[in-house]
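Here chain A shows up in two complexes: once beside chain B, once beside chain C.
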Partner chain A sequence: MVPDDHLQAQSRDLASNCTYPGHTFTPMATPPESPREASMKSRVIWSFWIVLILLGLPTWWTTTSIYRASLPTDSMLKSHKELWYSIPVCLFSPSVPLSELARLGNLVQMYGKGPQDLFKFDVHAEKDCTKFPSALAVSMEAGDGYSFAFSPESGSVKARYSSSDLEGLPSRIAESLQSAYLEEHASIAYLMAMNGRNSDAIQDFVKTLPGDLMMEVQKSANRAFKSSSEYHLTFSLFTAGPAPSSWDIQAALNKHIQPILHALSSTTNISVASQIQLYSSFSPSVQPQQTENGWQLRKEDLTSFVNTAEWPLSPSIGTGPTINFIAYIPAQNYIPIILEDSQSNSWLVPQWGGITILNPRLIEREESELGLSDLPSYLDLEQLQPAFENFQTQLLQLLGISQSSKLPLHERLKSFQRLSGLSLYIRTSSNLGSLARLAQHLSSIPIPRHVLHSVEHALDRLEDFKLCLGKTTVSSWPTCLGSVREAFVDSEKAFFDKSMVGQVYFPDEHKVAVYLPLLGPIGVPLLVGLIRELKTITTRKKGA
Partner chain B sequence: MCSLLQQVAQGASKHNAMMFLTFLYLAACLVLTTLATDYFERLDLTPLPLGSLLASFEFRSNETLSAYNSQNFRYFPRSLGQVLQHADTKELHLRFSTGRWDTETWGARPWDGTKEGGTGVELWAWINAENEKEAMRKWITLNQGLSGLFCASLNFIDETRTTKPVLSFQPAGTHTQNGSLHLLHGVLPGEVVCTENLTPFLKLLPCKGKAGVASLLDGHKIFDASWQSMSVDVRPRCLTGQECLVEIAQTIDMVLNIARAKRPRGDPIPRPVQPHELICDETKSYHNHETCYPVDALETPEWSLNDVFGRPVAGACPLCDEEGPEAKSLCLHVPHSQGVWIGAGGFEVRSGPGEREKRCWQLVPGERFDFDMPKTSVRTHAQLDLTDELITAERTMTGHGAAKGGMRTVFTNPSSKDPVDIVVFESLPWFLRPFMHTLKAQITDTGFPSEWEVIKDVYYRPAVDRKRGTQIEMVLSIPPSSTVMVTYDFEKAILRYTEYPPDANRGFIVAPAVVRILNQVDATGNAKAIYIRTTSLLLSLPTPDFSMPYNVIILTSTVMALAFGSIFNILIRRFVAFDEVPENKLSKIVKTSRFRIALLKERIMGKAGKKE
Partner chain C sequence: MYFLNLISGILPFLLTLAFYNVQTHAAHTSNWAVLVSTSRFWFNYRHLSNTLSLYRTVKRLGIPDSQILLLLPDDMACNPRNAFPGTVYSNADRHMDLYGTNIEVDYRGYEVTVENFIRLLTDRWEEGVPASKRLLTDEGSNILIYMTGHGGNEFLKFQDSEEISSWDLADAFSQMREKGRYNEMLFMIDTCQANTLFRQFYADGVIATGSSEEDESSYSHHADNDVGVAVIDRWTYYVLEFLEKEVTGLNSDKTLGDLFDSYDVEKIHSRPGVRWDLFPGGEEAGRSRRVVDFFGNVQGVEVQSGNAREELQKDLEGLMRLVEEYQEFAAAQEKNQTLMDEVMVQRGAGEKAQVQVQDGKMTSSVRLKKDAFSSRQVAGAVVLAGLASLWYFGSKIMV
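Presenting the complex of A and B:
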């Protein structure tokens, strides 16, 4: 143990004496630094730091920063919160004075209010309602009892009232209006609830609705295409074999589709194309079952019926979705194919299109004595009729036009206009909101100036549309829809701008790899110098 | 019109005149029937020397202009129609080619070269636009649309690869808006044409690949061919007194090696020929039973459609004509003396006297058809009645090194009496900078000793770096039985780091030159176009080391850090004598540990010493 103790004692000495075997020296006092030297030193350190901060940092900042236009994030995030909705109604009467009618109108508007002003009837009393084509014209006539009836042609309402019951008239009219437009209100409530406005008012309103109505609204919303500024319709004749190879498509379109397109022309742009594809059989996985009346397609076959690998169903060029309508002619040995539990022999594929199976009459071969027959090579208008009647209803369903029988078609189209405007508005504002959140969240993505322009333009157009919503009676819907459509297109353009996603991810470790060889050897001496300098300053202060 | 001509023909008294008029009548009726049907298809099979077979498929369909404009597509494919309408394209020519046409062995090109493109993809179109800028915008849209449709990289045809030829191409259709039509031309010489381009091509056909001669088209066979070319041509056609039509013509031409095509699909590996099956050239002096100079396939093996295409024709496409010359959708160009065994499902019609001998078959819908061609002995292309190319062109690069080079094109006119006028169209990438002052034409070999001016005209549009390529169009006149060499020098530009493709060391492909032969007439006296194309060239550019930027960053940083560190230290450090260094904690720790190590060392050494 002795050597160990010896060692410890020696090492204790070492701290004061600083001797080790073979070599010894005694430290001398460090000579004081001359003031000139000291000031020179601090000046060097400070000037390096000044150059670094005033010249280096700004240069580094400007050369590595990316252009980010300052987006109006607040209004982009807020845009979908301020929403209200009203259905314009115009009261007129040949007999009742205008002031009386106006008072009645105000009362109807008051009674007809939805929860928390979510939706209301914008009731005006006018002498002549033809000036306001977008409003529902209600003509008031005195009669025996109360009645409220739509005329199917003009889409206006004849309301009769008995002069004995003037007290209850406003609430009765409001009730009639509400029950007539219940589906539209339900759709709006659904639309708003789906888009993040799940407020209590909407919940309460939904609870008051009959369950089957809500189911119906939900179903039709799932079936319909998302509202868009443009649609393309493609009518295709797919035949399993070589015939028929032509059809009277122009006449069929003129008869069945053009009237709808004409009525919708002020709401959306719809383009139409048609094609004939021969030797295009359904998917090989579909196996029709033989029955006594021909062949039967089971319901579970319908999902895999469309032969996506071989059928040329590429979407049309341009913005907006393509709605496909397919008339399918089975091969001759499969005629007729009947759908299980279906009268129309057709079905609808939600958000995609409609399919109808046509079983044309076979034509007997002239020279044949064996009773051989062929498929016709040409389908005339009469043979196409069932298919196009199906396409007609399917088109309305796919666009999201209400099927309810309470309102005449004219009113349903108006209601579609309002709904598609509103849903475009909601989609636009959700686009803008997502863009704003994206810009806030990813600080490294560039935001070019043209994106800002698109956003600003979209916001302006949304403002225009809001003005329209505020004055539903007087505003002209085509222009209102035009502005919300523009807003939608701009918001899509801004959100999907490819220059923003170009360099979203520039990993930090790459930056470190590039900067470290430079910053390590330069940064450490600079920092150490600064720390020493600061130390001397503090000691000097303490000394003073 | 037919009946009128018939009356005239009957009225003519002289026999000769009658013959002539009957011919005219037939020709006129032929034109009319061409337009009357909406769909036409044909496969021409021509045996070539050395056991090769040329198969030319042609498909043509029409749509009336009004139906086309209202987007009611019947035989015209909707997908293509919509792309063309979207880009305001009035006439379109699209080519996909692979391989090289062997002029020496195979003779003149099919369709006079009008239906083929240079290796890779070639596209030219007439676009209706108000100004050049708009035309370019629509052209880009068109390329993007076609790119998606044909699964090809056509979207890479940008402004640098686009040219506007002046002399080389003429519209084939009838156009009304002549003033506002812009011709644009683009090539992708590096594109590899394969099955994914054939599938969309087949989908454009009304009968798909399910019936008619198109049922023979199989990617495995087509792209195994020695040479193949696919084309799509869309043009408007107006004849007086009839409604205007939009016509789409699609062709596929290929040269199959019969022996290669006959290999079974399950066992495609070629086996060496057994010694006793070798065919030797017995004229060689060294020929005996042990040494053999093998001769290329002396005889064409027997073949059938099933052998070379892997399947027989699946019956006629029912959309074709049922009668008339257009209905014969399968033709074999062999002499009548040649026996061919045909199966059921086709009616044979042989060509009349005066024509090149061929036999055609009218197919029946739904019935398979095949024939057996027996083994035939080898024939030169003169025996096969093949025509020769009017001119041959061969383009190569000269020079060495990474900075400069030269281009040399050799034209040979084999004709002994007729000079040939040609337009040579070259579109060069911008990084190949030609010096036009070095452009020189030289008659290197001639059997026609007289002064001759070769270069008649030059249209030259210089390149702009990174904006557009060079376009050279030269009108040349090649004297009879002569060889002309046209040369010019060029300089290779250095590209930016990011402009190199992933396989930069492979080099850049320069598009083939297009040669249009001028002043040619067909049998009826109408002007006709003949095109030939040279092969593409591989240009190697100076290629940098691609890890260079990182090396540069690291090296500069190190040098800067070294320099900065030492200068900064000299500036701020105090220099004192060794024993004047002030004590601090760190130096104490260092000293203590050094002392401990020394002690430990001493103890160990001491112990070792004691033992001794």
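Presenting the complex of A and C:
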């Protein structure tokens, strides 16, 4: 039969030892590759590897590496230096010639340097001190005896001297200046020390200060808000019942609060909002005690008085902190509520705001024989006055304006301006230092380019501030403050940038798991092909 | 290094101030709580009820909603499988409904992710994120962080789809420390192998406690037959029992040492752990901290004892001068405003010309956009041609 013969013939060809039945096969040698096939194979393998190395590796590297702009970490860490400013003082006199005044000014400056060179006054003699609004204006007049008096209205000083005692004059003026500005210098020392700039000079200086002054400074620092470039004030009227439902807030603000805000407009931006909520009761845990002339709140009740669950009190307005001022009108059967030991019925919550309880006069109903009375439905300016006077003092305390009686209000506002500039400088440099340390420590966080720009801008502005401090009788403090506020805003923006969230950390096992499909099914054939290719090359070389 | 210098520099100053009887430790001014549950699905009911029980405790002790961040990834109260709709119970006797009517959940559902949690801790948000979703703490804030869910060796699973590892938490806490975002922190975690999650912490000021050791599971306490699932976990149950019975109000003196001593391994069925070494003062200082320092709300209060008018008396002249200045300023502004109004009326005629100029600008900007479009077309065509030629010539090579 033809197929059988054909088969047998083939099997004889293919397997030379093939005999039926019980035949054994010896493996046949694979047919040799044609040269074209061999070169095709080597070209395929080499092209795979070339694409892998030239195209694949760079693509993988660029797509998995994190963009980190190189921050100027050295200058960021070094911006942490100690800074001390000198208080500008301007001497003028109607009678004394300018050269004499200048000499007096130099002597006062020399005597005014406190121990360790920290107390500094920058005393200049000018014809007209109104050109330097940031400086303390001191007018020198001849008289009998020495006196150094602040004018409470304008904040300037009238100094009298007797012509017989001219040698002692500079040191006396220096002493008066030192004692007037002692609190400001103590605040600066406290601020520096609390923020890590604690040289021996500062420590020695603090040792010379009286203990109760330092306590006062510390209490004020814990009570006031951290300095910021803007604040928001919220005035709220919370009524326990349906009345009163409106108040003359605009007039009250214009009379009590706006003047202060206007005076502070060169230091910081403050915006004001107000709200009213009716049927607002205080927290259920607060139990006023009945006494003979009304109801009384104990001190323990005050901590939980604010019913934050039901009172709308935390708006997210802008970047600065919100200071809340609450005027609370109790329910009619609770009137009057008084506090245990407070004449003004108000209290202050540090770094939060202030609360006053208003007990308005009840209006008698006209037709009623029982003498029933109602709460007024509108609170006019006169009824709001006690509350807003409280708010006024509380606002000054919460901003950090000192309460000392040695300086008039204008001067205290100026020292607040200087202190807030310094405090913003410290906060900015700590932000930059923290960012630098973070960038060095966490190497897996991306740092985009706009963070670098913000950091550079902030560093430039800090330099401007430092230069400006050296010339504060020529330029004015508000300009210096402007640059440090910009620096602060930039540093906050840089530190809290939203793209600097660290990538989720991958332990090594996770990394292997991600790359396993590449290493296994793809990597093995490629490697084996490469090895075989190299082997054929070496055998060919040996053969050739 | 920085902290070493800080400490060595500040120590003499502190001693000096101590000489003058002044308190020097940073004042603890506020309390915040971050309560996170990380699991979804009905059978993880107990994780949500753990978190809600802590929420109720913290509210009972005074922390306001604005200072609590509650992260719940699933809604058990309105789950169709809930036989008691609108409620979440942590006890089979169903005495107290934890969900209630006065609850504020800040992150719900799919908003509870690892990224959002890390952003919350480090406060790195885009603009426009409301304050109720942010942790607005400062140097004086004590933070309580409670996490519960399913976890393992140095990781915690979020919503069955991603994980947070102990390194992420450690880095996030160190960033918070750098920026001064907390005074002291209490970290509590109730998952399987919970103690491994705080192994990598290195920021100071943190006390960490977990429910079970490595290779140990944490167990649920009991199930409710009508709800159908386990309603509370063991460790959280015994912690809550301590808080309910011993810490009844803000004036409670119970300390963290008392809380951690109340752990009973027989009852909890796993070995809870505590980490003290990161806390300044170590175990001694940590043990003496009161429970309400972390769970309750501190609000320092200063009563204004005097009459405000008397206090303002000394500044009266200064204030009157300020009032005068402000009134002058306000009057000048009003005059300017009327002048401006007049000028605007006069300018009404010239406004048409302005609009035309604007139109010209707009057309030129549109033209620019068109140019950009055509250049992109050209680039696209070049790429396509390149690929096509590659394909064509590549097949030629093969042949």
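One rule holds in what follows: the second predicted complex is superposed on the first by the 433 of 544 C-alpha atoms of A that agree within 3 Å, B and C clash if a C-alpha of one lies under 4 Å from a C-alpha of the other, contacts with A are read in each partner's own complex, and residues count from 1 in each chain.
Assume a contact is a pair of C-beta atoms (placed from the backbone, for glycine too) under 8 Å apart; a residue touches a chain by one contact, two chains touch by 3 or more.
The shown structure was predicted, so the numbers you read here are calculated from the model rather than taken from an experiment.
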item: First (chain B), second (chain C), both or neither touched by A:314; value: both
item: First, second, both or neither for A:243, with chain B first and chain C second; value: first
item: Which superposed partner A:525 touches (first chain B, second chain C, both, neither); value: first
item: Touching partner for A:389 - first (chain B), second (chain C), both, neither; value: second
item: First, second, both or neither for A:372, with chain B first and chain C second; value: neither
item: Partner chain in contact with A:303 - chain B first, chain C second, else both or neither; value: second
item: First, second, both or neither for A:30, with chain B first and chain C second; value: first
item: If touched residues of chain A are counted for chain B and for chain C, the larger one; value: C
item: Contacts on chain A seen with chain B and repeated with chain C across the two complexes; value: 314, 316
item: Residue ranges of chain C in contact with chain A within the complex; value: 2, 5-6, 9-10, 12-13, 16-17, 20-23, 27, 29-30, 62, 64-66, 102, 114-115, 118-119, 122-126, 130-132, 138, 140, 154, 162-165, 167-168, 171-172, 174-175, 178-180, 250-251, 297-309, 311-312, 314-323, 325-326, 329-330
item: Chain B contact footprint on chain A (complex, rising order); value: 3, 7, 10-11, 14-15, 18, 20-21, 25-31, 33, 37, 41, 44-45, 48, 234, 242-243, 245-246, 249-250, 271-276, 278-280, 310, 312, 314, 316-318, 514, 517-518, 520-522, 525-526, 529, 532
item: Chain A - residues contacting chain C, complex; value: 152-155, 193, 196, 198-199, 202-203, 206-207, 211, 214-215, 218, 222-223, 226, 254-255, 258-260, 262-263, 299-300, 302-304, 306, 308-309, 313-316, 339-344, 346-352, 386, 389-390, 392-394, 403, 405, 408-410, 430-431, 433-434, 437-438, 441-442, 495-502, 504-505, 507
item: Partner chain A, residues of chain B touching it in the complex; value: 67, 70-75, 77-79, 82-83, 86, 145, 148-149, 203, 206-208, 210-211, 317-319, 365, 553-554, 557-558, 560-562, 564-565, 568-569, 571-572, 574, 576-577, 579-583, 588, 591-592, 594-596, 598-599, 602-603
